[in-house]
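The structure is given below, and queries will be raised subsequently.
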Amino acid sequence: MPKHIKKRSQKVGLPPGTLVHIGEKKTEKAKVTYLDYDELHCGEREIENLDGGIQSQGAPAVTWINVDGLHQVEVLEKLGDHFGLHPLVLEDILNTDQRPKIDDYGGFLYIVLRMLNEDGRGDGIDTEQVSVILGPSFVISFQEREGDVFDPVRQRIRTGKGRIRKLGADYLAYSLLDSVVDNYFGILERLGEEIEVLEDELVTNPTRNTLHTLHRLKREMILLSRAVWPLREVISALERAESPLVKESTAIYLRDVYDHTIQVIDTIETYRDMLSGMLDIYLSSISNRMNEVMKVLTIIATIFIPITFVAGIYGMNFKYMPELEWPWAYPAVLFVMLAAAGSMLLYFRGKRWL
Amino acid sequence: MPKHIKKRSQKVGLPPGTLVHIGEKKTEKAKVTYLDYDELHCGEREIENLDGGIQSQGAPAVTWINVDGLHQVEVLEKLGDHFGLHPLVLEDILNTDQRPKIDDYGGFLYIVLRMLNEDGRGDGIDTEQVSVILGPSFVISFQEREGDVFDPVRQRIRTGKGRIRKLGADYLAYSLLDSVVDNYFGILERLGEEIEVLEDELVTNPTRNTLHTLHRLKREMILLSRAVWPLREVISALERAESPLVKESTAIYLRDVYDHTIQVIDTIETYRDMLSGMLDIYLSSISNRMNEVMKVLTIIATIFIPITFVAGIYGMNFKYMPELEWPWAYPAVLFVMLAAAGSMLLYFRGKRWL
Amino acid sequence: MPKHIKKRSQKVGLPPGTLVHIGEKKTEKAKVTYLDYDELHCGEREIENLDGGIQSQGAPAVTWINVDGLHQVEVLEKLGDHFGLHPLVLEDILNTDQRPKIDDYGGFLYIVLRMLNEDGRGDGIDTEQVSVILGPSFVISFQEREGDVFDPVRQRIRTGKGRIRKLGADYLAYSLLDSVVDNYFGILERLGEEIEVLEDELVTNPTRNTLHTLHRLKREMILLSRAVWPLREVISALERAESPLVKESTAIYLRDVYDHTIQVIDTIETYRDMLSGMLDIYLSSISNRMNEVMKVLTIIATIFIPITFVAGIYGMNFKYMPELEWPWAYPAVLFVMLAAAGSMLLYFRGKRWL
Amino acid sequence: MPKHIKKRSQKVGLPPGTLVHIGEKKTEKAKVTYLDYDELHCGEREIENLDGGIQSQGAPAVTWINVDGLHQVEVLEKLGDHFGLHPLVLEDILNTDQRPKIDDYGGFLYIVLRMLNEDGRGDGIDTEQVSVILGPSFVISFQEREGDVFDPVRQRIRTGKGRIRKLGADYLAYSLLDSVVDNYFGILERLGEEIEVLEDELVTNPTRNTLHTLHRLKREMILLSRAVWPLREVISALERAESPLVKESTAIYLRDVYDHTIQVIDTIETYRDMLSGMLDIYLSSISNRMNEVMKVLTIIATIFIPITFVAGIYGMNFKYMPELEWPWAYPAVLFVMLAAAGSMLLYFRGKRWL
Amino acid sequence: MPKHIKKRSQKVGLPPGTLVHIGEKKTEKAKVTYLDYDELHCGEREIENLDGGIQSQGAPAVTWINVDGLHQVEVLEKLGDHFGLHPLVLEDILNTDQRPKIDDYGGFLYIVLRMLNEDGRGDGIDTEQVSVILGPSFVISFQEREGDVFDPVRQRIRTGKGRIRKLGADYLAYSLLDSVVDNYFGILERLGEEIEVLEDELVTNPTRNTLHTLHRLKREMILLSRAVWPLREVISALERAESPLVKESTAIYLRDVYDHTIQVIDTIETYRDMLSGMLDIYLSSISNRMNEVMKVLTIIATIFIPITFVAGIYGMNFKYMPELEWPWAYPAVLFVMLAAAGSMLLYFRGKRWL
């Protein structure tokens, strides 16, 4: 099970802005990649050492710095120094249990997203914090570990496919957002299939395992819901273009990704409603089966207990039991037993228990 | 069961505006019909080949192009070129899992609706995406497959019945909306009848099948609800006439279709409440019947177990059991047994179990 | 059970404004009564034939036309012609499954209300649509069948009691609204009494019938709730006096009827909460009783099965069973059995099952 | 059980403003007390007869008239005449099933509160309507029966303790409100204690009675909630000082009583959540105990039924049963029975049923 | 269990502003500590006796007075006199069952917070009221008992670490708020771990104790939720900087603590949803186990009851039972019994009960 809350307590009492990485260490070494481009050219390199500062060749239209791995706090500090980031922003980047939000710091926008990953053991969803900083001509993105979600964007920049090379940093930030939201659809597809399988199982052969899968899916939906709901407001705030950093022309694309987010939320809510309904069905099924078990017991007991009693009567050792001497008594008693059993069966048929 | 989510994952990583049809291919060949009319005349033809462009004869007041089938992407591209549609619009038309929405692109309005169809196998409801583009003097509608929901509108245009020939493109768009909403009433009527049948079944003879029908209806209501709720906002946005494309005079008709939508939502919510109540009743019924089964078992066991014990006593083979020799012992024991059974029956009657 | 949705499908595809009566035909012949009054005089007559138009004597302050029965479409058409009503209004009057609403058509206000009637068979509530049209000096009211809810208002006009003769058409419209809302209190009283009876039944002797009454009441509450909730907005819109048709002086009376509506809604919600609680109690009661049944079975079985086994032992026919020969064996075995049964009883008392 | 709805139906059809007392007659004779005070002096008397009008000595700063008992309609009429109260106000005072509200009639404010009383039989809460009319220099309060909730206020006026003598009529109205809200805390304390007792009972020994207490408390919470929720808006409206009758300086006190009201609502909601949780626990407890009962039955039956069968075998009377002749057969069979019973016990221990 | 409501009833009837301590007396003697600092120096002392007034040395930038223990009313009165606090504020400080709120008294802001403490017995959470008064250059904080939550802040002031010495009283108030909210994370971590343990227990071996832990956690979540929800509005009101007491530069820190509060609320809601889901699983598990118990009983009974009956038949003592004489009758009967038992076993396997 993914942890629901991270070890934040180690920070209790420290002054605000203190940089401590909260969360699992998910990668060995922080990896910093640098990419700058304008309509005509595009340069890309990995930065080994941030000590020399970040030099850009010429005056590129857009600079994109991507950091994978957060546990090396000094990397952040240097980036913070270079781009003039507020200490609270650096602190938030390191506290990897943030909910999606957007903060306007005047000179730049700070956006927190949550990326969803199927965790390695194949039985659950893990969330990872992605921070995006959007400046006038730069975008800095932070991931907790190396991932390939942003690769298609990088590829599009390299090849100059689509509009991305012609547009500014805000379009790049949008592209990253779009990648994250697109990623949700894949997760939801997988969950949707699991729900359908579960639903079939529920109808044909519900087991104790069905219940636990149901429980796991419900819990995952809760986590998903918490990760995606606040995103709606984040994108809506971006779209309303309250900051000069987001150009009018990008708003139409933000509306598109907003629509996608709504659709993701909608699907999550639908799934939650369906899972609730399925639990009711499960409970009803158990009750139904208990009923069936009870009926079998009752039928057997009700047929045999009375006739066993009759056999008990004639097993008594009283000296004076005239029936015992009658020649036809035995077959008569057998017939009486058969008739009793038969009438019981008819009674049960009448009650539709058979 | 209708799929809840479509294979959107195939698009992950493509730049926005890439045209890929997402959804089942529901018809063989896209069919494009062209209809133009003003108060005096009305022309209609099927367009085989869009290569020659779309020529209209004279200057008709309103042009209506209807496209059935979305998998031929080139048809869309040509229409997009001709009418100057934004690539994101074309993308949305092809992504057939949109929720109802309205987007104002300045020169035209893009409206997404969801049409409901009973699916062929008679056991569920399928939803289909209908896109409507409203321009100053044209309407373009896209359906996933050929349907006859818009036929009455076409018929009214041909015969010139009603106001439709005298009014503009916005009235035509309203008429299409109205057709879709009217279509909902039919679906709801059918579901309402099914619910009434189910309710009777619940009272008279609930079976395991009742439960599954209940579950299916609940799931359909969830899907219906998701399809219709956002429509309210769509029509409300249209009615508030924020766009010059919608004339003041059409607002009154939009309010009418808005009222219908509210009524559809209201009915869906009523049905959902009723279905919830029915599940409670079902669960109570099962418990009740279990109670009944248990009572039968308990009565039989409680009457016969003690007297079988008495028979067991006198079936023992002890040498010294004086009662066995008494002449009236046998009838006395029988009488005792009868009395025990009788008093048990009285006890159960006292408890109202009989 | 009252139908939840009316056969609206027969209208699918007709142009808006087509006049078709949707709903049961509840009365034989439409009855049109005409009443005009001012502070000094008051005239009243039944209109047999609308062909001659509607002549009013002199210039009365207020004219009130009441129509009982909607299936004669031509009556509506003539009234529509005479008072210049919009076709959509006439259509709405005939579609008797509207939810309460208010539409401002400039020259007049169109108000839809739902009246509640206990249906004839004594087992449910039926709703009826009442349409009220408020013009500058006239009120037209439409009911689905003849009813006596408006009689007190008519009586007050005839006798000149209260303020009604001195005030305008808006006060008359308010009076009609007030009659309809007052009518709700009667229905709620009846339901409240039924709920109290049910609650007693639940505590003393819950039966399968209790469950069905509970289910019926819950369903009626759903229907009631849907009929009354929108009324709140209707009256609130009227009270905010957005139309010059409603005078300032009438607002205070509308606030009064608004308060009554809130009270009706409040009572309905209270009843719904109470009915939900009662279902939980019912389910708990069933479980409790099942527990009791099981205890009886378990006590009987647990006491008699072991001692019956002992009797079975000494009923075996082995040649070498020394106990059988002992003279005190039989009473000793009887004592052992008694002791076993007694200790079982003590055990159950310890568990508080007795 | 307190009645949920009062016999309002007797008023159906009467014109608005007709004075009929709706509700139980809770006291023998209406009692009218008159109190006027300013910073320096304070006069108090009981008014026997209102015929002579209400004379005040000198020009007191504030006059407070308190009426206990509403069934003497003529008392109200005279007060209404004297202070120029609107007939609808008088009607509302008499209709004792109002929800809390505030109406601004220009010259005075009309406030409805609901006071809570533990009813005499010690098993429930009764609500009583308190009406307060706040004029420029007078306050009139109406209670359904004599009560002592306002006594501390009266005492403070007499002794001149606190600010009350120095401040105006609005502060007096606030003091009455505060008394009513303070009264709620006492009720909630009593309910809180009952809930704690119930919670202990639930853990240690839940009985059928626990269920009914739970049900009663839930119902009381529903009624409480309905009585207190609207009060929030009433005080909030007063505090926003929309009327010149409420002075700026009193707003701070109103905010205080507003906070108290929020706290009451908060506590009620907490209790409702807790009671809901307790019902779930109760249901689980019943199921748990049923499980226990079933286990006892199953263990006994599963141990004894098979060995009783073995005894039955050797009780058969076949001529050729060689075992019967063996000398060690009887002890061997006894041993087999013991072994079977023992292995069953081990099996149950393995399943943790023992 | 922490008390849900405190003994407020002892105050009923007293005039507003009367100072009575409501709540448990949690510490022996009120302890007042005085701390003043500016960028350069910092003085600290404990105040034994407030009679001499509060003298500050020089003109410090910020004065912080912290009071632990509220039952000594005279301490409050003196502070109130010295700083000119409104009697209602003093009253609220003493009524320790306030919900979080902020009141703007012009010259100062009064903030109520609720601190969470794990209570001593290790089985529950206790809440404590913390009041903070923020003036232009002073902060007064009140705790119900001595605690160490504010120690890190004090330490930071002493050592001059962080920004705190350079900034004003509003930053100090923020720091106190931040300490309280940080404290919540610790509590939530502990609860989160308890929930995970419970979840494992639920899957592997649910007991009656699991249910009670679940119930306790649910109740704690209700209390937590009530304590934290209103805090959101409090901080939001502070952040919107409606008062000149809160400087622009502090707003960014308040936004940070606001984000933390949202995160706490989010986590609480997630936990509540998870606990609800767990109760459903618990109920299903009980039903499942009951099913299992019933199956064992039914299998045993259904196999042995019929063959015991057969044994009973041949235990009868009829004179004429020809089978008894047959030499192979006994083995044949044994074989029939075996076959019956075997076919029952096959039947149960077919039903998947084995």
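The letters A, B, C, D and E name the chains in turn, as written, and every chain counts its residues from 1.
Convention: contacts are C-beta pairs under 8 Å (C-beta built on N, C-alpha and C of every residue); 3 or more make two chains touch, one makes a residue touch a chain.
For clarity, every value in this text was computed on a predicted model and none was experimentally measured.
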A correct list of chains touching both subunit A and subunit D reads E
Mind checking subunit C against subunit D and telling me if their interface is mostly the same residue numbers on each side, over half, or mostly different?
different
Rounded to the nearest 5 degrees, how far is subunit D rotated relative to subunit E when their C-alpha atoms are superposed?
70
Calculate how many whole Å lie between the centre of subunit A and the centre of subunit B, each centre taken as the average of the chain's C-alpha atoms.
26
Just how far, in Å, is the C-alpha centre of subunit C from the one of subunit A?
42
Subunit B to subunit D, mean C-alpha position gap in Å, rounds to 42
For subunit D, jot down the residues that touch at least 2 other chains.
283, 287, 290, 294, 297, 301, 305, 308, 312, 315-317, 321
How would you write out the ring of chains in order, opening with subunit A and then subunit B?
A, B, C, D, E
Which part of subunit E faces subunit A closely enough to touch in the complex?
151-152, 155-156, 161-164, 178-179, 182-183, 185-186, 188-189, 192, 195-196, 199, 203, 252-253, 255-256, 259, 262-263, 266-267, 269-271, 273-274, 277-278, 280-281, 283-285, 287-288, 290-291, 294-295, 297-298, 301-302, 305-306, 308-309, 312-313, 315-321, 352-353
Using the touch definition up top, name the residues of subunit E that touch subunit D in the complex.
1, 3-5, 7-9, 11-17, 86, 88, 92, 97-99, 101, 103, 205, 208, 211-212, 215, 218-219, 222-223, 226, 279, 282-283, 286-287, 289-290, 293-294, 296-297, 300-301, 304-305, 307-308, 311-312, 314-317, 321, 323-330, 333-334
